[in-house]
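Here's the structure we're looking at; comments come further down.
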Amino acid sequence: MTIKDDFQDQDSREKFIQDLSSQELHQRRRVPVGVLGATGNVGQKLLMLIDKHQWFKVTAVAASEKSQGKSYKEAVEWRMPVPLSEEIGELEVMAPEPNLPCKIVFSCLDGNIAGEIEQKFAKNGYAVISCARSHRMDPKVPLFIPEVNMQHLELLKFQNFPNRGLIIAKPNCAVIGLMMALRPLQLEFGIEAVHVVTMQSISGAGFPGVPSMAIADNIIPYIANEEDRLVEEPAKIFGTIDVDHIEPYPMNISATCTRVPVTEGHLEVVSVKLKEKATLEQVKRAFKEFSSPLEELKLPSAPSYPIHYFEENDMPQPKLQRDLERGMAVSVGRLRPDSLMDYKFVLLSHNTVRGAAGGAILIAELLVKNGYIFW
Amino acid sequence: MTIKDDFQDQDSREKFIQDLSSQELHQRRRVPVGVLGATGNVGQKLLMLIDKHQWFKVTAVAASEKSQGKSYKEAVEWRMPVPLSEEIGELEVMAPEPNLPCKIVFSCLDGNIAGEIEQKFAKNGYAVISCARSHRMDPKVPLFIPEVNMQHLELLKFQNFPNRGLIIAKPNCAVIGLMMALRPLQLEFGIEAVHVVTMQSISGAGFPGVPSMAIADNIIPYIANEEDRLVEEPAKIFGTIDVDHIEPYPMNISATCTRVPVTEGHLEVVSVKLKEKATLEQVKRAFKEFSSPLEELKLPSAPSYPIHYFEENDMPQPKLQRDLERGMAVSVGRLRPDSLMDYKFVLLSHNTVRGAAGGAILIAELLVKNGYIFW
Amino acid sequence: MTIKDDFQDQDSREKFIQDLSSQELHQRRRVPVGVLGATGNVGQKLLMLIDKHQWFKVTAVAASEKSQGKSYKEAVEWRMPVPLSEEIGELEVMAPEPNLPCKIVFSCLDGNIAGEIEQKFAKNGYAVISCARSHRMDPKVPLFIPEVNMQHLELLKFQNFPNRGLIIAKPNCAVIGLMMALRPLQLEFGIEAVHVVTMQSISGAGFPGVPSMAIADNIIPYIANEEDRLVEEPAKIFGTIDVDHIEPYPMNISATCTRVPVTEGHLEVVSVKLKEKATLEQVKRAFKEFSSPLEELKLPSAPSYPIHYFEENDMPQPKLQRDLERGMAVSVGRLRPDSLMDYKFVLLSHNTVRGAAGGAILIAELLVKNGYIFW
Amino acid sequence: MTIKDDFQDQDSREKFIQDLSSQELHQRRRVPVGVLGATGNVGQKLLMLIDKHQWFKVTAVAASEKSQGKSYKEAVEWRMPVPLSEEIGELEVMAPEPNLPCKIVFSCLDGNIAGEIEQKFAKNGYAVISCARSHRMDPKVPLFIPEVNMQHLELLKFQNFPNRGLIIAKPNCAVIGLMMALRPLQLEFGIEAVHVVTMQSISGAGFPGVPSMAIADNIIPYIANEEDRLVEEPAKIFGTIDVDHIEPYPMNISATCTRVPVTEGHLEVVSVKLKEKATLEQVKRAFKEFSSPLEELKLPSAPSYPIHYFEENDMPQPKLQRDLERGMAVSVGRLRPDSLMDYKFVLLSHNTVRGAAGGAILIAELLVKNGYIFW
């Protein structure tokens, strides 16, 4: 029995699915969502992206004590390039307590406090989609990228939260791009080892984040804890479900993470050793023909092509490709043989869209479409 | 018989060496040097660095036809952060023909034309120190970094240019930093393989070089021909002399070169596989205890320590370390085990000083000190 | 008799206007447009913005000799953040000669050659919308910003080109933002003098434009000829039609133009002396209540509000406001009394959208809507 | 009776002045100095610049509680491009209390706490040179730029601190460059009004200062309180002493301050209205012939020429001129008539050297040379 079979009322479910294809009905029944950590950088981005979403309606924003009680527009120092929506601006900022008037909560909380709060929400029947790191390595929590490990949703049925409460975690922003690019290779040839050097944009550090004096005209060849995440998260994401937990995918990963003076977009230089021999043409085809397992689901935020493959020798570049498919696609280029491993290439992904806010919204869309959300 | 033994007049040689330790005499007898390609970026940097050098006096500047006949200050669009010296500004720009009133010529010519011109100068008895790529892989031309392959000067005696003419080539700027950092490891443990990802500053592309619209807020993950140089030059530099040519050092190198929005300083992320097992402590000690083979020579431009080793987890950084030892040292940090190769680390070098103009001047100093220049 | 009355066939005109409100019909009858200088930076931006425009269809691209005969996608080094449309990519690049299969031509030619070519096109019945400077100060050519000097379209009837040929010029990019911001003040209080200091982004210089080494971590306090344009163009734009030419608006302007390391968006610091006394509140209201004379025309590219007024003390900022209303609005903030003139404020406009490609498209839309284009 | 006449022992004074010209003696008797707020950005810069100073020896560093008791090298996160001197690194960080073993204290404290602490030090006989804003407008405290208002040192005799205690304040960093550039004009022609727009570098905001996400690829057209300082400080600096206070110089100033993505160097666009008519040539000559009133004093940090005048139409630029005369000179260029005021020009000064740490050291040098310091 999957959670999807667990609908308490079959009619509701039918109606629900119908709703999704009926724009009009849907407008009346958009899923109420809340954002925890709504004044921070990821919170703002998420509110910007989800505003006017055809399936979701922001009904709650929560933040730390000093913001609570104010209207969101008073509490926030809005730094997005699109004006704050009036509707959201009028919402009162609440405490991140499980009495928020919504069904889904996006947790954009600081990793130090997110864990406990997210648990409380799940225990109270909320679907929690977390951008924080707290539950990423929790054996019952899918570390989730819809195009990569859809099957891991099965884990949700072992979470045992009441009232369809659930927790699902978005991986680290640099991991998301890497996993999306590696997925077709892993599927077709298997992956034995990965060597990755990242050049991560300043927005990945949030706000205030990196001081300008530290990064202007500079590179900082270190990001606290980031390399560990690039080593441990991928194995879980590519892992296979063994009854109630995930058996990690055995893969040797070596990572060096650096911060560069770029506003948005993580670029990663990857060398990969495959399990099965493959020609350059086969690898290229794997990238080019990788099609989204989301394709038929018509999720509003899903990219038409999760991977865009570039033949040009100087692509991808953050400034030119980060916004492809509204920032939801990963760009791959410079594929060539590697004298040490098998092949090497360069990938780019938009760290605050695909790697954070947009990635979280896509998860929410999938949950709704697949019947995990009931409202 | 080495060139050094070939002094035509033993007394001259004695006097010469004496001069070098006598500041006063030396002022009267500074070696006359010329710069080919003097109006370009490397040419300007070289003139800035060599101006008021205690051993050298700039007596000739040459450039392309449109500058010839003008005074240097009229011909050049000076972009250095230090004002152009009046003395140099008054020099007349000449054609790059071997009738320049000097003994050493620094070739900062474009690689497409440098080769032939440099040959002409050497055949006319000039000592040519080349920043261009033309002769780098020529079997009789040392590809030279004083601290790394001093013994390759022996090759000069096979060049057979008249009147002590000679050609010596400075390696590619990204190669110089890499070789200096690898040298202690190669000496102590041997190197089997190297994986390197570079983040190279915009000054490496000269002027006008990279358009600001192409690199502002961006990374370009490709530099034409650069990866080939990082693969082929190191083997020659670490090679051993076999009678009249260099036997390359067998080493598997994989390189990815990128351009980043940093004004000066190439940062390189390196993984290395050693021939002999070594502990982290041993590797660290190799870096820290590497002492310059130039030490006793007291060359004005030589760094006291060719390698500066950093224990801090976020060093080296271009902005903080590129100017160490007036830009002539290489900084190494983030040394740690690598799960794929043996160890990995990050290095930084100043590409237009150590990697170009300053490196060329250091070579000239060594030639003078070792008696290769006779004036 | 105005040109608008000059329809050869009244029915056509009726039908034409009807078409504009009928989406379906329109799709079949989009106006064929061509772009001269299509491979340059403004040309690319224009093609990116106009692709899939509901009123226009790109049917011709022209560029210099070395591109002619190639398909556009072969000829261009596409640097836009949105992929090149396939349809446009397939077009053959032609010579900028008046045999292009289109009705409107956008001239993105270099100012040195634009003048003559634009004349040829107009003489052959094309409507020429010029981003070049050649005809800006021509007494019979409107120097045109739809929201500012709509009445200057009257000049077109004196151009006397056959077959409804016409030339209309878009002002300098820094002038457009300034004029839009000053317009409400000029309308309500009159303007006596303006002191303006611009901080202009690198995209204003085109491609390759400013070398990265020249502008990274730097400001260049000079842009060739730019200050002259800021002095002479505004007087014409605010001028009044006197029969067949424009009588310039008397206004004392002092301008200093600088280039700053920002990718997009010109910021201008303005002090203004008014003809009539006005309170701060009145000036603020003038900005806030300025409504677009285009409002009723429903032009696709027109901003809902030409001016966005900001009360925050640190706005507008290039990164936060340049994309307001898809880059077509001007942002104004920091309004306060000036001890030397009357008031001072800061304005921001998107130089390659509002100030170039988008501004040109808006002019085309207005020409179509007002019946100047007949196809 | 001036303080200078107040030497308790005439012989000491003679000896002191003798010492200053005797390098050897001086080495043994360098003035002991302390730095308050030593771990901050200005504090670090000051320690970098003063290390190995021939007249001063750093004997005390003080900072906030969390650093106290640690060695300086443990307490500081050193971000200067030159390694921390070992000698200073070993100093124990103390509380900013007037028991520090030194004679001069440089106050690099935060403006919110500096005032009271500086008073305490002065009352205990220390010479306080303040980089903080606390006492700048205090009627008895010279707001001091040695080349501009040397005569204001006379105020010190009215401070009435015991044991030669004194407080002297360095102006705001943007004010220093402006005053130095205006000084020759004020001296020769008088100044009636000034319109200034600043483009200030990120280092002016200290560390962590401006978040990189806020300023990368952006301009912030506002710096809190900065415009007020540009209006009020100049009048005092150009003021004349009236017995025991300064009568401000009447001058109408309009200022707009912006923050730009440049690492070091404040650029200012200035229009000026003179009291007496002057030709362009006269104004230019005033700039070019302005000679330092410090010239004969041979202070180690004094620039040979306080103002460098540039004829080139695109100078000065932060990257090219900020380091002129080790960052202590002001660069002026683009002088031309202004249609609204009389003349306009652009100036550049190094904000953390001339505008902060270097400017403070120069003041200390002058105090020593003129006999205000007794140790």
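Odds and ends about this structure:
In order of appearance the chains are A, B, C and D, and numbering begins at 1 in each one.
To be clear about the criterion, a residue touches a chain if its C-beta (ideal position, glycine included) is under 8 Å from a C-beta of that chain, and two chains touch if they have at least 3 such contacts.
Here the structure is a predicted model, which means the values were calculated and not measured.
Minimum number of contact steps separating subunit A from subunit C: 1.
Touch-path distance (fewest steps) from subunit A to subunit D is 1.
Set side by side, B-D and A-B show the greater C-beta contact count at A-B. Averaging Cα atoms per chain gives one point for each, and the point farthest from that of subunit B is the centre of C. If each chain is reduced to the centroid of its CA atoms, subunit B and subunit C end up 50 Å from each other. Computed centre separation for the pair subunit A/subunit B is 46 angstrom, with centres defined by C-alpha atoms. Centre-to-centre, using mean CA coordinates, subunit B is 40 Å away from subunit D.
Shown for subunit B are the residues that touch two or more other chains, namely 79, 216-217, 261, 263, 319-320. Looking at the complex, you find that subunit D touches subunit C at residues 193, 195, 197, 199, 216-222, 231, 252-254, 256, 258, 260-263, 267, 269, 271, 313-320, 333-334, 338-341, 344, 346.
Within the complex formed with subunit C, the subunit A residues making contact are 79-83, 216-217, 263, 319-324. Those residues of subunit D that touch subunit A in the complex are listed here as 41, 79, 202-203, 207-217, 261, 263.
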